[in-house]
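Structure provided below as structure tokens; questions to follow.
Should a chain be cited, it is by its letter among A, B, C, D and E, assigned in written order, with residues numbered from 1 in that chain.
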Amino acid sequence: METIPLILLILFGSALLSYVIGKINFVLKVGVALAGILVSGYYFLQLYGQAQSYTFRLLGFDIIWRINPLSWFFGMLIFGLGILVAIFSTSYMKNKERVDFYCFALCMTIASMFGIVVSGDLLSFFFFWEIMTWASFLMVIYYRYEAQAAGIKYFVMSMIGAYSMLIAILMVYAQLGTFSFDALASGWSDFSVSFQIALFVLFAIGFGVKAAVMPLHTWAPDAYGMSPAPFSALFSGVLSKMGIYGFALLMFVFGAGKLAGSVTTIHGVALPSYILAWFGALTALIATLIAVMQDDAKKLLAYSSVGQLGYIILGFSLNSSMGTTAALFHAVNHTIFKGMLFLSIGAVFYRTGTRKLSEMGGLISNMPYTFFVVLLGIITMAGIPPLSGFVGKWLIYEALLEKQMVLLAVVAFMASTAAFLYCYRLIFTIFLGQRPPRFDDVKEVPWTQRAPMLLLSLLTIYLGFYPYGLLNLIGQAESTVMGLVPMNLSQSILFNDLGHVSTIAVMNTVGTVFVIVFVLFNTLYKRSRKVGLKDIHTSGEVPGPEINLHYATDFYQPFSRSIRYVLERSADRLYGQFANNLEGFFDVLRYVYTGNAQTYALFVIMFLAMLLMFTNWLI
Amino acid sequence: MDILLIILTVILIVAAVMTIRKKDLVAAVISSSVVSLIASIYFYLLQAPDVALTEAAIGVGLSTIIFMITIRRTRRMEE
Amino acid sequence: MRKAIAVIFLGIIGYYLLATFFNIPFGIARVLDGVGFKYLAMGVPDTGAANVVTSIVVNFRGFDTLGEVTVLFLAATGMGALLHHREPMKRSRQNASIIVKAGARILFPLIIILGAYVFVHGHLTPGGGFQGGAIIASGFLLMFMSYRSYHVNHVVISRVESLAGSTFVIIGLFGLVYGHSFLANVLPLGTVNTLFSAGVIPLIYIAVGFKVGSELTGLLDTMLKTVK
Amino acid sequence: MIYYVAAFSLILIGAYAVLVKKNMIKIVLGLSLIDSGVNILLVALGYINGKTAPIFSNPSLKAEGMVDPVPQALVLTAIVIGVAVTALALTIVIRLHDHHKTLDISKIRELKW
Amino acid sequence: MYFDPVLMIALPLFAAFLIPLLGRVSKEIPKYVPVVMIGFNLYESIMMLPHSMVKPIIVIIAAWKPPLGINLTIGALGNVLALIISLVGFVVAIYNVRFVQKEPTEKYHMLYMLMVAGATGMVLTGDLFNLFVFLEITSISSYALTAFIRDRNGAEAAFKYLLIGSLSSTFVLLGIALIYGTTGTLNMADIAEKIQHVDSKITIVALILLVTGFGVESEMFPLNGWAPDAYSQAPTAIGAAFGGIVVKAGVYALARLIYTIFNFQGVFFFILIMGVITLLIAEMSAIRQKQLKRMLAFSSIGQMGLVLIALGLATVRGVEGGLFQMFNHAMIKPLLFLSAGYLVYYSGSKDISDLDGMGRKKPLLSFFFAFGAFAIMGLPPLSGFWSKFIIISETIRGGFVVVAALALFGSVIEAVYYLRVVGRLYFKQPNESEKTKYVHASAILAMSVLALVVLFAGLFPDMVMSYLKPAATELVDKTAYIKAVLTAGL
């Protein structure tokens, strides 16, 4: 049997099986799900470097499933994090209710994501896209009672995105008579400019919702926050990457990046792409600012995720080899560190039962491994050398400078700096400071949870040290699928027109400095001082007596005061108002059903009379 | 013949109008049976004795009775 | 307001429909190859019924008649269902005067015979099952009106109704078995203008007559009864 | 032609009753008026000047001298259907009156919007 | 091996006439008569399928060849619809066996069976007036069934339905009069042949009259005022059957008219526009409903709007999509209605707000409801996805991008209100724990059959489509149909 359908079959099969068998006992359902994911992961590994394709006809449409370096690249993310999340879940979901449901949704999500990346035609792409939407929706509503609003918001926004994408897909179909990517790739440049722009916008809305580009991001914080922690990791780490994969397809495979015809270009980038770049950059900045204000750890990570995805989209929209490399590299990074962080927040939640930053503190001694993972995670996330996050961000700045988009580079850099604020807060409020007494006997999580987190941490160190393998993979995808010239690479040195950077050198330097500082710090300031709960400086301002100064709740109070203007105009509220107004309008409209039988009869008569008057139009 | 027809038609229309104008439902139903009766005559004139017979038996007779029963079971005056 | 709208739109409809129908001249044979003339030409030789309308209703378009009987049956059933009460029901009506009563006694058999005559001769003269059934029902109505205690046995009525209806279908099925199509006229046609002619047509009309008569009677009975 | 006019008068008057009259029995009366009108119209369509009813009551009659029998057959069916609908409608009216104690249709609108 | 298709109509009528007699023998028999009869119809329509796909089966009645006699013309389209109607009818009949407790039950079963038989007759007949007769059979039984519960609202709904239905059926009769007056025939194929020579000023008026008449049954806006009331006030099973049986027959008649009998290009566009308006208004009304069944009724109208859009496209592919949508709608709506009926019954209130936490108390029923909701929203891999996809794809191919966008907008609204209900079922804390009542096995069986059909059709859409393609072809290209009828038996 062909490998691709086999993998899909195993995954969908294990989803159903774990749901059905899952009624029997816990080990079986988790076992079936895990086995399904592992086996399919094994088959997936064998697909590396191959160019398989599998075609059949359905309803008169040609369906193509194929694997190429780009889809393998994203498949790697899916299975990599998918397997770790599944392992993590084995202990995390123990003694929880509706585990069968969880396993079903998990397997369905992974299966549908794999389906998306192997789709070689728009129909199956959309088909799997929709399955992914509802499967992840099931996950969002896992904690049913609180999750309703989040779930419905997620679903409706996804649907709007999917339908806008559907219109684009069908417009393509109407023009070309086929759904295949290849046909679209070769036919794209023959479209009229306005048609191209329409397609670009519609597709961008569709992918943008999943990739949580502002202002389409409003579902993300709630949905990430509501789903069970292991799934949040998958959600933010991989599922949102499907939107990124969509953008990769749109920009480079379909060819929207080099919009043919007479479109204004700015800095060598077509106008729509340029606007997209700004969307990405502003998403990165604003989401970061909002993230700083969050109290719920998962919401904080969710906003940070939105921001990081903004970077990736920024990278794509540059339509250059370096930008794309940066974006894809950062995508991997994002998967890794979001996996680490969400899993460790999950681990903390698993032990403490809370996600509120203001309720936690001082867990470093109880959960040292988790602390270590979070530490590495925030270093990567903030893009500080020497971990892999630095490489990704460095590439993005380089790519921006290469295109001479200074303003964008400044915005991106600002966002990156602001990310320090929430990163610091994350680790400080959870692990440092004082421990509330009720968490005194909190223990470290079991190994099934520790192992995936640590594995991810090792990976980020490795990639920071030696990004060449990954970059090479990206290069392959770029040259074979995306039609770009890959970057000039040599072992651990990144070259470009402006210069080069050696990750090993960076790693050595930073490592040395770290050791020196660590030693100095420990020898010079050996005595540590116990601080009171309220002993804190509020961003440099002297607090007045009226301000409640718990270090966790009002950490950035003056800062939040200064950006309140932005927060008050949230897109979420805007959509809410819009939806309410729309419903009000619907409410008026349904008054045509007056309930009076004679009015209905009058409608019949009016209908007939109108038709009789306009017979000429009907002939 | 034509004159008869015109007279019949006038009666028909008057009866029809009375059917919907009369506040007393019994009167209205009787008017409508007049309409049926004239329709039955029409059918006869149009060389359709079968239909005429049916209309007389069913339209004039039966449905009038059904209306009457309904009126008796509900109320007689239109409010 | 509603009046004005209604008048305006009805005016429009009336205008356009009248204008359309005036395009179809009255009293002229317009369509010479229509089925109507074929029926006229074939009716007597091929069905044996002198009354072409009957031959159409019962034979050419007999399927419609089956539907029509069903519609009436449905209406009666529906009314029975809607006016159903758990408690036994009675007609509430004062006894009529002695003259009416006496008249009814005499008239009732005559009316029944008239009705039977009408539907038995449906293939020869104007009239048929529906008309005859209606006449029979009016006979029963007369009795209902005159005698408070006059009681039709519901079981009998519904049995007559059932049997008559199924007879219709069975005759149709005979046609299917012996004549290769439903309702086919499998009996000999006989001599035109005699009582025993036209094959199954009189049989069907008799069945229809019984069915319509019992249905309408039952229908009137249902409507007249109320809970005391 | 006068039959057409009469038929349409009936249809329109009946439709007016259906649309405007509040009393449900009047509405049902309106429906039966419309039915009568349509029936007259149908039979009138089959009529041919100077021809006789389609019954071969004696052998001297010729098929060529008869009016179109089909509309008559159709009307026969239509009349029976009409009375069936009327009867059912009136039954429903009785039920409505039992429940609502009124025949005014504009007052019976609990199901709306 | 199939029997004479006329039995599909004759036998139910026969059985219906006999039910009063059988009811005397035992109260149990009338319950099973519809199951047996409609089961026979189901068998017939399945067995005829391979034959009717090739060429229409012409059944001559009373030994008169068309156009003289009435005939049944069972083309691919008629057969597919008969199959849909009998399948839904059969499933609902199984449900009825235990569900109906309201006296007089034997009358209920009689009316129900005649409704199915009437609808079957509508889709099988080849004669215009016969179509009218069967329309009346279907609608009169529907009127009676709507009011069957005999509460105040049921009677009100029935009166509305009856008023609009009979008003519109007089228009049908007027249209038939016009057609007969100008073509001199009532056989649909013969009419289609002869109407080409008639002044189009007259025929268009005939078409308008007929469209107004059948538009009521097919729930076209603004002729659908009866629908929400009738659906929500009729007994649950009947509400379920309306969408799958009565409305399907109405749409069939409409399609037959605009495709086979008449030939006006503008009408297709008109139907398309009416479809969009129907869809949007219904969805917008549905979102604000407080009662579950009423909401389902509006959603049903919305689905029919989508079907009308598909019919208005006038392409083979579009009609295929429309038929697929009809199939889906016929399967999913009863599923939703039947489960909703039980949910309403158990929660003791018709309001959506009282369904809180039924997912806990009645997991299976809630699952069926959620399954149906997902299917009707068009989520893959359930069958609703494919039909919606094909219709939207053809709409865009036809150049009606705005129409497609509006239809999708309607779908989003639909998702919102269905999710709200599903949310109530699953997300809300149950208010108090009552002792759970028993759900009849026949009901579970009925719903499972429907759910499996939906899933199967979603996973193997080609299986369904292979039967719909000839049906759509027959509709769009009418010559084969006309030829088959007019040369029958020669």
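Simple rule for what comes next: contacts are C-beta pairs under 8 Å (C-beta built on N, C-alpha and C of every residue); 3 or more make two chains touch, one makes a residue touch a chain.
Just so you know, these numbers come straight off a predicted model, no measurement behind them.
A.B. asks: Which chains, if any, touch chain B and chain E both?
C.D. replies: Chains in contact with chain B as well as chain E: C, D.
A.B. asks: With chain centres defined as mean CA positions, report which chain is farthest from chain C.
C.D. replies: Most distant chain from chain C: A.
A.B. asks: Let me check something: if the centre of a chain is the mean of its CA atoms, which chain is farthest from chain B?
C.D. replies: Centroid comparison gives A as the farthest chain from chain B.
A.B. asks: Hey, which chain is the most central one here, using CA centres?
C.D. replies: Answer by centroid distance: E.
A.B. asks: What is the distance, in whole Å, between the centres of chain A and chain D, each centre taken as the mean of its C-alpha atoms?
C.D. replies: 68
A.B. asks: Averaging only over C-alpha atoms, locate the centres of chain A and chain C and give their separation in whole Å.
C.D. replies: It comes to 74 Å between the two C-alpha centres.
A.B. asks: Report the inter-centroid distance (CA atoms only) between chain D and chain E in whole Å.
C.D. replies: 28
A.B. asks: Please report how many Å separate the Cα centroid of chain B from that of chain C, as a whole number.
C.D. replies: Centre-to-centre distance between chain B and chain C: 19 Å.
A.B. asks: Listing for chain C: what residues touch at least two other chains?
C.D. replies: 2, 6, 10, 13, 16-17, 21, 24, 34-36, 39, 51, 53, 60-61, 64, 67-68, 71, 74-75, 78-79, 82, 126, 130, 219, 223
A.B. asks: If I count partner chains per residue in chain D, which residues reach a count of at least 2?
C.D. replies: 3, 5, 11, 15-16, 18-20, 22, 27, 41, 44-47, 53-55, 66, 68, 70-72, 76-77, 79-81, 83-85, 87-88, 90, 92-95, 105, 108-111, 113 - these are the residues of chain D that touch more than one other chain.
A.B. asks: Can you list the residues of chain A that touch 2 or more other chains?
C.D. replies: 590, 593, 595, 597-598, 601-602, 605-606, 608, 612, 615
A.B. asks: Which two-chain combinations touch?
C.D. replies: All chain pairs meeting the touch criterion are A-C, A-D, A-E, B-C, B-D, C-D, C-E, D-E.
A.B. asks: Given the complex with chain B, which residues does chain C contribute to the contact?
C.D. replies: Residues 51, 53-54, 118, 126-128, 130-131, 134-135, 137-138, 141, 216, 219-220, 223-224, 226.
A.B. asks: Name, in rising order, each residue of chain E that touches chain C in their complex.
C.D. replies: Those residues of chain E that touch chain C are 4, 6-7, 10, 13-14, 16-21, 24, 59-64, 67-70, 103-104, 107-108, 110-111, 114, 118, 121, 127, 129-130, 133-134, 136-137, 140-141, 143-144, 147-148, 150, 155, 174, 178, 180-187, 199, 201-202, 205.
A.B. asks: Using the touch definition up top, name the residues of chain D that touch chain C in the complex.
C.D. replies: Its residues touching chain C are 1, 3-5, 8, 11-12, 15-16, 19-20, 41, 44-49, 53-59, 63-64, 66, 68-73, 76-77, 79-81, 83-85, 87-88, 90-92, 94-95.
A.B. asks: For chain C, which residues count as touching chain E in their complex?
C.D. replies: Chain C reaches chain E through residues 16-17, 20-21, 23-24, 30-36, 38-39, 42, 59-64, 66-68, 70-71, 73-75, 77-82, 84, 86, 155, 158-159, 161-163, 165-166, 168-170, 172-173, 175-176, 179-185.
A.B. asks: Can you list the residues on chain C that touch chain A in the complex?
C.D. replies: Its residues touching chain A are 2, 5-6, 9-10, 12-13, 16-17.
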